[in-house]
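Next up: the structures, one after another.
Next, two complexes with chain A in common: one pairs it with chain B, the other with chain C.
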Partner chain A sequence: MKKSKKLFSKCYILICFLFFYLPILVTVIFSFNSSKSLTRFTGFSMRWYAELFRNSEVASAVYVSVTIAVLATVISTVLGTITAIGLSRSRKLLKEYLLNVNNIPILNPEIVTAISLMLLFSSFGMTKGYLTMLLAHIAFCTPYVITSVYPKVRGLDPNLANAAMDLGATPAQALTKVVIPIIRPGIYAGALLAFTMSFDDFVISYFVSGNGVKNISIVVYNMTKRINPTINALSTVVIAVIILVLLAMRLLPKLRRGKNSRRPGNRALAWAVAAICLCAVCLTLPKGMGQAGEKPSLKIYNAGEYIDPDLIGLFEDMYDCTVIYETFESNEMMYTKLSGGETYDILIPSDYMIERLIREEALAPIDWSLIPNSEYLMPEVTDRSYDPGNVYSVPYFWGTVGILYDTSVVDEKDLKAGWEILRDDAYAGNVYMYDSERDAFMVALKALGYSMNTTDEQQIQEAFDWLTDQRDTMAPIYAGDDVIDNMVSGNKALAVVYSGDAAYIMSENPDMAYFTPEEGTNIWYDAMVMTKDCANTRLAHEFMNFMLDPENALANTEFVGYTSTVSPAFEEMRSGTYKGIDAYVPDVDNSNNEIFAYQEAKVKKIYAELWTKVKAK
Partner chain B sequence: MKHFKKLVRPYLIWSFVLIVVPLFLIVLYAFTVDGNAVLTLNFTLDNLKKVLEPTYANVFVKSLALGAVTTGICLLIGYPLAYMIARFKESTQNLLIMLVTIPMWINLLLRTYAWMNLLADNGIINRLLMKLGLSPVTMMYTDFSVVLGLVCNFLPFMVIPIHTSLSKMDRSLIEAAYDLGANKVQAFRQITLKLSMPGVINGIVMVFLMAISTFVIPKLLGGGQYVLIGNLIESQFISVGDWNFGSAISFILAVIILIAMRVMKRFDKGDE
Partner chain C sequence: MNKLIELKNLTKNFEDQQVLRGIDLNVYENEFLTLLGPSGCGKTTTLRIIAGFEEADSGQVLFDGKDISALPPYKRPVNTVFQKYALFPHMNVFDNIAFGLNIRKADKQEIRRKVEAMLALVGLEGFGSRDVTLLSGGQQQRVAIARALVNEPKVLLLDEPLGALDARIRKQMQMELKKIQREVGITFIYVTHDQEEALSMSDTVVVMNEGMIQQIGSPTDIYNEPENRFVASFIGESNIVEATMIEDYLVGFDGCRFECVDRGFGEMEPVEVVLRPEDLDIVDPENARIRGTVRQVTFKGVHYEILVETDIRTYMIHTTDYTEIGKHVGLDFGPEDIHVMWPMGSY
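Presenting the complex of A and B:
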């Protein structure tokens, strides 16, 4: 009877753990994949591990994540524990107040905490970096510690501490010898939660950090554009290290059994934590000082996975300078961070955002005489509507938005329908739309024959009806960048994608083809701009010139897969690596194509509201 | 008795600066127009009224429902797990709790991507099914995939507090109950469940709070059509740039949650 019960509970625990570890198992397996795919295992290889150890960004991110997590855990555990103990002795009103305040960081959506802390640090004039990230982490970890420890303290007999003091213990002794040992499980649970929350945090870290300080999550989020197994390799290493530490903690006490220590496991853990803390502090100090070095520095803010990282190192060596390189997930995220008072020298946003920044007088004009390589720029990419005469911007990549289709499923004849193929019920349930209001409305407006920059409410309403009708008849999936991996695996027949992503998908899955409808599409440009805050304009110009160098531009377009604006690099890719992949060559002859124009806040709100209505029926 | 009172002081100051002041900024935004000019305050209730429009009200209902379902499933799976773990000897317990926590140290996005690879139409599970001669099942971008992802992610936050409560329980209490003639069900309900109540409530609160404001998991596993409060707030702050409306939504969310916590507390007290 008792035995079968034990067996049952063992099985239950095993099944639960299987559930927990299944995704991690998949992560580990695919870290050994020979290709980039995360769904098809093509063969065993260690190439992602080689890449991992070559990548200095990942190494410094690991350092930041680990030290921040350890420091935040230790500080918030101490702070939370003493607060919880004090709380149990406080007046009711104070207790109620603090417990409610304490719940706020737990109950507030992360993005709200993130923005509010960003505003706070900015209004104090604090430079964003390691310290602000640490403070923010302590701020959101401590509540978890208090929530875990307080119930334990409440369950404690208050007479115990009093008895200890009656017997001659000082209050400090009563605390450390009596109270803390009893509530120890709660403290451990709190510390464990705090470490977990800190180690995996992205949103808050992203908005409160800066100046090149990144944790693992920030690096991973910016890699998601085309997730690659380097990060899987990193996770595998993390798991391996954890397992080793756990094993060591279990084996050490066994080896030292002769010595009669009461809680060897805990003591070992305490020593390990202390050692890591010490290392962290030692390593942080010189790093902080080293940053104020003699070399000139350039602060660049670019989209994730949007540069060949080798080029940054090359530039640093050539011009004997330091590049502080940070990445964003979208133009809007970049703008939010700029609104929070962060400053950069060079930004690489898209057309409509550049138009906005020009209007807000945030940019400095380019001195073209300092960029001799501009002679290589393709005529198709200069002097566009977002910045006539290229006063402020140096074109970087460009392309279109179009439909990617699976040639083994889609009938070529159906393509004649143009954008309307996305409402063809032969493909119901087989469509990915792009989850962004501007791109979705572009499709609908173009299908209806209107301008994608329209501000006419009647036309916008018609486009809204088009989209709701599509939602009801086609049941499309509104996907983000996950569409890339999904289409590489051929999960659906049709998808609205950016041409650069289409070129990459086509190079990975030969069944896929790309076309831009006759009714016209969005033709877009990303360009380098220099901010008003840029201190070292000479170095900034040198960087822009460096990126237009044909050889560097070729390396860049080969790495990123997006269409180069530099003529020799473009021709080389077109006839070389991406031969036959038409998505690489944007269709410039169609006069129906347009460039996104900057939208007034009022118009933007109308679109955003209608898009929410489309998605949340 | 009064010796440890002073220990709250550091946190009192800390929480004022890093929690109350930022919160005040958000509340200010919720009640004003044109957020970027805080100096010229223009008070309004329009932001709050807008939240009541059917589209947004719907999003609230959907998020709360999803949060409740996730919390319920986490409790159903997590309580037995915590209970069973608590019956092992102490060193094994520590190890098992560690094992429950470790998956959380692997980046959330990576774990979610792994689920996507498992559940996709041409994914690992479906390919396995086809090899076995079964027909593939659509799992991605459904309620199933979203709830699965949320439960897998939040379960540790249910298991850890419940386990903490159960592990300190004096087992002789149960034996005493048996001696006094209680049967198993009675002993469990009157002793074990009652004593683990603080942990259960703690777990429910944590999981529910995190589940209703999450947005990464539903977005990836449910697709863009899964608009929840978290997504709505995120898009207001980032893509739309309407910080006032975003603040209003989070303000209302906070009020709803505070009310819910009051109700929970009643339960807690009632049990004591």
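Presenting the complex of A and C:
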């Protein structure tokens, strides 16, 4: 009886730990994978670590994360400790109020804190970057320090400081030799909390940072857009750092006690901490100054993993300028950030968003005479409905949405059904749908033979019925970018994907093929636009011209995998790297294809509500 | 004896509460002076003003004739032993005692020598490396005293230092404190609310109440010649009786006239008379002018406490002889047992 109980409790602990640590373990293991897959282990290699350390974006993110964490920890620990000591001496009522007020930032949802801080910095007209991120981190770390230091201070005999002064210590000596050593465990705990909070913060950093300053979390978040095992390598490094910090925090006090608690240890530690801070500050200054230097700068806002980073460096060298490069997760997120008062020179959004920005008069017209490389633009990508005559936009990438299928599973004859193959019960349980309301409704509307930009409620309702029917009979999985890795591994037979992703999957898994149904599909364009706020329009034009240079465009399309808008680059890819991969070549001859049009809020709401219902069950 | 500390008309308010209402006091060299009074009487505040932890609203603190009112605590030639010792929990016994010397950057050898001497003085030889938080209350007290004395202050301030100890160790520490004071030969200013402690240790007792000094005197003066009802009732137990001073050496109360040794109160003045319970004798009612009935007898160890009810009041008597309850008795006392004082509120 007793034995079985013991066994049970042991198993219970084991299961708990497995639950906590298995995800971390998987991440660590796959960081040593030799192939690009995140689900199949093909062999041991250090390839992703090598890639990680070559990646300058990651290196600067590690630098930002570490220096911000160290500075924020030191400053918030000092501030919080002083506040806690001060609080313990104030009147009871004031103390209670302040402690309650102190809890608000801790209990506040992070996103609220993030947006409040972003708005605050905007309203002060502060340039977002390293300083704003540091200030924000200090702001959200300090309450944690206060909460962990205050109980220690409250437990102190108020006469301890008096006793020290009575024995000849100045107030400063009483603080450093008596009060602080006694509350040290609380200070350590607070500092540790502050460090971990700061080091892995994403939400707040994401909103208050800007001008290309990114910490590790932001970089990782942007990386998840396209499957990339360097994330695993980076995560493993982060885990290692956190474990080291935790160990240091646990071991240091013990080591010191072992040394009979005499001075030298304390002093050495203090000097070490001071030295680290000083180094951090010194390292920070030149970087901050470099950014404020004389060189002209260009601020670009693009989707994540949507440019060959080498091109940015090349452009900077060629034009002796600084590029501040930031990334967004979706067009909507980009729009939110613009509305928040953030300014950029160049944006690279999608067709329907460009249409919206043109309507809102947020863009500046392009001077095509400054873009001689426009002669290389493919005729198929210019003068489209979202910007007739390309007054405001320079096409960047383009493609379609189609069906990726596993040729070893799917019968070619079934493809004749077009979009309806997604309701073919031969493939029930074997389908990925794209988890995006517009793409999902596009599939249904096209299958029904309607326009994907329809505002007719009857048609929308029919599309909804199509989607719910498909949901009930086919049990599809609504997936995001994880579909890429799953299809590379051949996990399902059919998937709705973007052509650029399809091209990449096909290059990794030769069993896969891509087709766009006869009923038509979404043909989409992403283009470079110049905002009204653009200060250096000459440099902006130079950048856009630079990206259309056939050689650069080739490098870019090779890196990103999406279809180039530059004719020589397109031809080179089609006959070279992506030879035989038809997903790279958008089907332009089908008159049923459409471009997404900007949706009025009222229509968007109908789609959004119905999509929620589809996914609800 | 030389005047060492002089307090001149100290006043202090906390928020709207008046804690000190004009304290004037002289403290002499080598004196063991006790500030005695109930809690809230201002005795601790007075001590903290001398130490420099509080600032008086008005008045002066003179040390050797120089005004030290503006000096911070760490520049004053006094050291304090705190109520709950306030030892530094992160240091061992040695480091606690050496704290003041280390702050002054004294020579290492000298520190070792002085700390060892202090440990010997307070009877804690060999305790240097002990963790202070693991010591008993009495031992912590000794460390606190050593920590203060090692700095060789001219005055040692002690704020109810024995308050947290149990009765037996307390008695023992009282004697040791007195011994230490004689050995080091410096002035002690001692704060307590325990009248027995004050009487047994002090050269001078200062009785305080409601922010004012009620009486300054030697323990015997304070006990035998209380100046007012407060002092009389606070120091020991007393029978306090409203009376009329008929003329010098003659006082009237309970319908009788009694001879006494007091004079100078005028004629037919309302006064109060203190009769200590141990000065009253129970006698045959026929030989006494005050008579009553025994209502209660309580055994107190050395003596019995007997309450005798007369027609007018109840008297308390301390005697070693047992008397049974309900017995009709008389009370007797001599002229020297009657102590006449001004009633409360008429100075």
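The rule is short, and it goes like this: the second predicted complex is superposed on the first by the 444 of 617 C-alpha atoms of A that agree within 3 Å, B and C clash if a C-alpha of one lies under 4 Å from a C-alpha of the other, contacts with A are read in each partner's own complex, and residues count from 1 in each chain.
One rule holds in what follows: a contact is a pair of C-beta atoms (placed from the backbone, for glycine too) under 8 Å apart; a residue touches a chain by one contact, two chains touch by 3 or more.
Just so it is clear, the model here is predicted, and its values are computed rather than measured.
Of the two partner chains, chain C is the only one that A:157 touches; chain B does not reach it. In the superposed model, A:250 lies in contact with chain B only, and not with chain C.
In the superposed pair of complexes, A:19 makes contact with chain B only, with no contact to chain C.
Look at A:167: by the touch rule set out above, it reaches chain C but stays clear of chain B. Judged by the number of chain A residues each one touches, B leads among chain B and chain C.
Once the two complexes are overlaid on the shared chain, A:67 sits clear of chain B and of chain C alike. When the two structures are aligned on the shared chain, A:490 is found in touch with chain B, with no touch to chain C.
Residue contacts after overlaying the shared chain place A:613 against chain B, while chain C stays out of touching range.
Chain A residues in contact with chain B (one complex) as well as with chain C (other complex) are 162, 165, 171. By the touch criterion given at the top, residues 157, 159-160, 162-171, 173, 177-178, 181-182, 184, 261 of chain A touch chain C in their complex.
Remark: chain A residues 9, 12-13, 16-17, 19-24, 26-27, 30, 38-39, 79-80, 82-83, 85-90, 94, 98, 100-113, 115-117, 119-120, 135-136, 139, 142, 144, 146-148, 151-152, 154-155, 158, 161-162, 165, 171, 174-175, 185-186, 189, 192-193, 195-196, 199-200, 202, 216-217, 220-221, 224, 227, 231-232, 235, 238-239, 242, 246, 250, 265, 330, 332-333, 335-336, 339, 433, 435-437, 471, 477-480, 482, 485-486, 489-492, 601, 604-605, 608-609, 612-613, 615-617 touch chain B in the complex. For chain C in complex with chain A, the touching residues are 51-53, 72-74, 78-80, 82-84, 86-92, 99-100, 103-104, 147-148, 151. Remark: chain B residues 1-12, 14-15, 17-23, 25-26, 36, 55-56, 58-59, 62, 77, 80-81, 84-85, 87, 91, 94-118, 120-124, 140-141, 152, 155-157, 160-161, 163-165, 167-168, 198-199, 202, 205-206, 209-210, 213, 215, 219-220, 223-225, 227, 229-230, 232-235, 237-243, 246-247, 250, 253-254, 257-258, 261 touch chain A in the complex.
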